[in-house]
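Once you scroll down, you'll see the structures, which are given as structure tokens.
In the two complexes that follow, chain A is the common piece, with chain B as its partner first and chain C second.
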Partner chain A sequence: MNATINYAELVYALRPEIALTLGLLLALGYDMAFGRRMSDCARRGVAVLIGIVTLASAVFQTLHTNVPPVGHAAYWFHGAFVYDTLAHGVRLGVFGLSALTLLLIAGSIPHSALRTPHFKHPAEYVAIQLLATMGFSLMAVSNNLLIAFLGFELASLSLYVMAGFDKTSRASAEASLKYFLFGGMAAAFMLFGFSLIYGMTGTIVLPEIARALAVQGPSPLLLVALVMVLVGFGYKAAAAPFHQWAPDVYQGAPAPAAALIASASKLAGFAFFARLLFSGLGTVSGDAINFGGPAGWIMAVIIISAASMLLGNIAALAQTNARRLIAYSAIAHAGIMLLGVIAVRAEGAGPLFYYALTYGIATIGVFGVFAAIERTAPCQRISDLAGLWKRSPFLALVLFVCVLSLAGIPPLAGFFGKFYLFAAALYLNGLMSPAGWLAFLAIAMSAVGLYYYLVILKAALVTNATAGTSASTEKIRVPLGTVIALATSAALTIALGIWPDVVLGLFK
Partner chain B sequence: MSLLPWTIYLSFAGAFVALVAGARCKCAARVTALVFSLAALGVTAFAAFDFTPGPALQTLVNVPWIPQLGVSYHLAADGISLTLVVLTGIASVAGILFSWNIEENVGEFFALYLALIGGVYGVFLSADAFVLFVFYEIAIVPKYFLIAKWGSTNREYGAMKLVLYSFIGSALVMAGLLWAFASAATILKANGYAPSFSLSVIAQVAAQFSHAQQLGMFALVFTGFAVLAGMFPFHTWAPTGHVAAPTAASMLLAGVVMKLGAYGCLRVAIPLFTEGYAAFAPVIGWLAVIGIVYAGLVALVQEDFKFVIGYSSVSHMGFVLLGLAAGNLASLGGAVLQMFSHGIIAGLLFAVVGRMVYERTHTRNLADLTAMPLHKLMPFAAVVFVLAGLASMGMPGFSGFPAELSILVGAWKTSHIWTLVAACGVLIAGAFTLKVVHVSFFGKANVFEGSQEKARAAHDFPPITWPEKIGALILVASMIIIGVKPGLLLNWINPALESPAFQAAMNALKGGL
Partner chain C sequence: MPAILFYIFSALTLAAAIGLVANRNAVASALSFFVCLCGISVLFVMLDAHLLAFLLILVYAGAVVALFLFIIMLLDMHGGKRPPFKKMTIVASSIAGALLIFGAFSFFARGQFSTDELALAQAPAFFTDLKIYGAKLFTTYMLPVQLVGFLLLVGMLGVIVISKKHEEKEPGDRIQEPGDKP
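Moving on to the complex of A and B:
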């Protein structure tokens, strides 16, 4: 490693981020110059279009990056950035997911629309979402505690704003504040953990940390650092027992913002978490294969994962609010993704990536349907979905596909994600290992999950909206942007389920 | 033979076409469904004439699907698969004829119906554990909507209970299969092979699993499938679900979906984990005979006509499980024959009760029915029901006789007590069948004062329609043909049971007991 600073390499490493920055400046500048003279609809359309084009160019830049073969990684800028198949996949994934959620805010609003003030400043919304996306992208390539933290915070701060973008809604403000308070605390924990790790090893570059820790071995201080990092990450990922903010945020935030929080944010977060744990702290992981092996973070991750699956699935049973239900199901899914983090040891990041990606796509579908319904009538309680099949067969069909994918029914992507992830966990030592027990718990809990997913689908497809219920019977006109986003997520959910090797091919 | 996979594709294509056609016109949806299911039956018949019985699974399609996991889209058939595919074809056509009178959301109904059928065909034809499992789960969700949307008594409860039982069963299967796959992959990798989900590959490697692994995997996979086969004490979903379901769905549930479970036990659990099979066969045998007698006794005291049939299904499926537990050529062959026979008979019984009787009388309460002289009001239904009842009791000349006889003969070689208890079950079946025939169809008017109004209204019953008559005739004919010439199917089934995989399982059992 030479001491000269090669800025060309830095630019090469961060081309997608540069594209995003230019795009967000363009969106803001255009809106400032011409936006006020345009109709609301056109203004929103232009902002979304700029956002989509920006994300497309970021995808283009990513596709023109040299990806090292599977199992190898390229390091840039003195090891600050790493590029491997996981980073490549996550970048493409977050740009795609971000584009899907952006499309949800495009399109005209019918006259009967409820107040939807977050559409009043579309360019700001788009700009902030692009900033968040930049944070995700940085997390994907960071190989260094500091860059990772910057990425985390860039994304989180943008997401706080997006959660509170509906300025006239109390729920939205509450969501934003809760998210901010919990997120800020999580950031503090995580940073404290990072600083302890730095203090012990004298480096912030992940592979060097691993080398230093391999020499030092486990120590009480390291234990404190691990706990801090896990607590911080647990908050960010909404894993139990650090999940309390999630239901309120999912309920109160504007649907497109909630969709981004549930999709791209998860994908980037878990990818970085897996990288941190394996390439940074891999030497102090402990044993996932046998009971009673050396202690390490694996046992802690297993406990958090089991707690998330149990709490998420069981608490979801009691929900009457559709969005809170999805939030609790997200907690349960976070538990499964934590199992995926452990399974990285056996099969690499492929199962985790596939799971997080397809989970994100299906969740965007669900939130997109909620957003579309909200244009004519409130969509909070499960009973608000009644008669959806009559009101809009398209929305009902998308909901059917996406919710069944979340439930893990073949041939949808959610099924294969689950199947592959559990298979990877069982590679470790069948059902006779801690990871195997966790996988068995996850499989058992999926039956609990099916119950509440069917409750949603029953409301949408079986129950008729009658005069006694709150649900409207008005037909729903779905705007073009939403149609594109929803049709894409449903089609991807089906296609990736039937041809999973399209995604898995990246990793093997 | 190579046409057989088209049964799957035709069913799924039919589901899509019916959904589209149903949006325009109800009749189009019905005709579409009938045409596609007839086409699938035609393909099956064509394949059946072309079929040379033999011990090996005859590969129909085999293309790599997900190389990362060693999954191939591998479909194959032997005599056992073909028997059940024929059953599915007949039951699906009959089911569509018996649901000709569905008026609400016709397109959606037939779309879900055909999607379910497609999944069932897929399970019977899979030779890869992953493919089998995928089709197995595809068949779960349509059941929920068929029952919850078009069902009757307590439909949402029944639908949810049924689907959760099925899904918990499939979760156990998934855990067991994944465990087996992961353990097999470790062994395969150590010897320089790629991991594989192929049933035959796993079966070969499974011999090297430890005893504890064999027991654990067999327990998970067998229990998971047996839930769907209605094994005591996991059978309670069956009566509730059957009663709540619309006629065609009850016909399918009892007729073919319960067979999915039994087929999974026979095709996956038994040949893969022979040591586990040998260890658990006594337990299964006892649960089977308890189920036969218990469900029969419960059927004896039911007030609801459909519950009687629902419990009788559980009782008859007990014979299948007994055949599996006894584990010799006669009992396994009998078990497969019983799957076919019960599929036809249960379909017919549910058709008479759900479609012919309930749709006209609007009651299934035996006390109400006995006040209507149904044998005079609907003689056709009465004749069909008596025939189906005779078959269900195991009368010679009907398909139930050779099947149950073969199972009992096989079981006698393994355990005399099981056979004696199961024989009591046959008597109980006779008792509840005769009772229900007598009470429901040959009741006397004016027995109960309170029911007179209903009895009077009874004279305005619409006549039995042509689709019903054709559907009933198809089922009666299959029942009698197989009863008179069981060799037609046994000539397919027995060679298949002579394959090395089943022979290994039977030998393991001989050593174990």
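Moving on to the complex of A and C:
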């Protein structure tokens, strides 16, 4: 703690974040200097271009960071940062996912420009998204409660603003306010939990916390702290019973913002969740292998996971709004990812990372399709999707691939994500263990999930838009940026399903 | 003597906190918040955390409460009439309250509180001196301080974007309504 500060090391550790900062200042400065003289379309194009170039340079900086071999980790800046395969992968993942969602707002069709009033301030939108991405990236590498919390808050505050970016829509304002109120509450709980952990151990560095807790053992105060931390993470992951914000936010937020909330935010959240629980609180984890073992956080995570799977899948069955349906399916997926957190003990973080990444890619595909449809007509109810096959075969194809991946149909990435996660959970101690039962529940619930995913596909591919339904029959022209984003996410969903070792191999 | 002071100021803090929630007048609520913060800062003084007590008064009682009062007066809020609670709200809050009391009871009944002298002696003591505190902020904790700066940047950008009025009214605003709920 008392050693002098090595600024060179700090700059080395945070090169991607520095690139993001410069990019966001450039986006804001350029728009301030030249934005007034440009058309809305050009302003948006420039802002998105700056955002993409910034994210690309952040990816470049990340690729030029030395990754320690699997199972080892490098510590920077007096243990404030940890760098291992997971941190490397999550950084690349969040930059990529963020770039994909940014492409969704690129390009516009002149005569339907009035359908996209939420991008009146494209430079600010891009800047806020880059700040959110910086928060995700910090969560991925932080090894310290303070920096993790600040990264978490940086991401959350940015996402609140992004959810409310469409000022002409009441639903967007409602989404932003609900997200903010829930998020503020959850952040307060988590900070309280962190402060109790600090009070018990006298340190905020995760491995030192683990060392102190190994000496002290579990105590009632620690359980209170654990519960509070779990509330914060349950909120971030949209896991039941902290999920109430998710349907309203997914429904009301602009589609690109909702896509970011559903993809990169989850990936970063679960990465830090796994890191905190295993390298910080690993000594008080309890027992996932036998029933009646010592108490710890694993039991609480199992309960939250089971509740999310049950509630998410069953509530999704009753939805008539496509976006709310995706939100409930996101709650169900959060339950499966929590199972993945428990399975980190057996197989490392590889399956969890693969699942969260492929889930994020597929969700961006789905929200991208919704965003493209919204350029001509509202797209909220499932019946609004009717006749999509005739209106735009490309959009229908992307929706087909991404929804089937979410449902977990081989050979798409979603199937292998589920497969590796369940296998890892069963490796712990077979079927007769808490983790095994949970994996069994997850498999059963995946079958339930198949039904509502097929409802979406039936509306888009089979149903015709007749006079009775609200769906329009107008052809949809998809702008180039959206085409790139959607084609990339569909192609990645297929390619990562065929070659899962591209991602999983990193962790072996 | 300190024990008596502790009870007096704890009672004051709790009473002010209840007043903050229960008061219908927003200005009175803000002032109860101020009293509550003063009570907490006295408790901090009794724990020898002078700096923290001072910062609490300076930042929260000084800046934040003043800001609250400004906003309340600018927006001219009167609290208004609260609609009566729904049955579901009462049931849910009673269940939550019962759970909370049960949790607190089991925590006090079964938890062992030990004042570990060793742990107390090991507690980092550098936050008591303002000079060391400042030095820590600009060396070891420089990065978190910078990150807080970014938090303020997000807040500022968000306020500008959300509160800024559109230059021209759009002819075909979105026809989307917040309906469509299950």
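Following the convention adopted for this analysis, the second predicted complex is superposed on the first by the 501 of 508 C-alpha atoms of A that agree within 3 Å, B and C clash if a C-alpha of one lies under 4 Å from a C-alpha of the other, contacts with A are read in each partner's own complex, and residues count from 1 in each chain.
Simple rule for what comes next: contacts are C-beta pairs under 8 Å (C-beta built on N, C-alpha and C of every residue); 3 or more make two chains touch, one makes a residue touch a chain.
Just so we're clear, the structure is a prediction, and the values are computed from it rather than from any experiment.
Q: Of chain B and chain C, which one touches more residues of chain A?
A: If we count touched residues of chain A for both partners, the winner is C.
Q: Answer with first, second, both or neither: which of chain B and chain C does A:134 touch in the superposed model?
A: second
Q: Applying the document's definition of touch, where does A:356 land relative to chain B and chain C: first, second, both, or neither?
A: Touch status of A:356: no partner.
Q: Looking at A:324, would you say it contacts chain B, chain C, both, or neither? Reply first, second, both or neither.
A: After superposition on chain A, A:324 lies in contact with chain C alone.
Q: First (chain B), second (chain C), both or neither: which does A:451 touch?
A: In the superposition, A:451 touches chain B alone.
Q: Counting only touches as set out at the top, which of chain B and chain C does A:366 meet: first, second, both, neither?
A: Once the two structures are laid over each other on A, A:366 reaches no partner at all.
Q: For the complex, which residues does chain A have touching chain B?
A: Those residues of chain A that touch chain B are 350, 404, 409-411, 415-416, 419-420, 422-423, 426-427, 430-432, 436, 439-440, 443-444, 446-447, 450-451, 454, 457-458, 461-462, 500-501, 504, 507-508.
Q: Considering only the defined contacts, which chain C positions touch chain A in the complex?
A: It comes out as residues 107, 110-112, 119, 122-124, 139-144, 147-148, 150-151, 153-155, 157-158, 160-162, 164, 166, 170-178, 180-182.
Q: Once bound in the complex, which stretches of chain B touch chain A?
A: 65-69, 130, 133-134, 137-138, 140-141, 144-145, 148-149, 156, 160, 163-164, 167-168, 171, 174-175, 178-179, 181-183, 185-186, 212-213, 216
Q: Which part of chain A faces chain C closely enough to touch in the complex?
A: Going through chain A, the ones touching chain C are 1, 5, 10, 14, 21, 77-78, 80, 114-115, 117, 120-121, 124-125, 127-128, 131, 134, 138, 146-147, 150-151, 153-154, 157-158, 160-161, 164-171, 174, 176, 202, 219-221, 224, 251-252, 318-321, 324, 378, 380-381.
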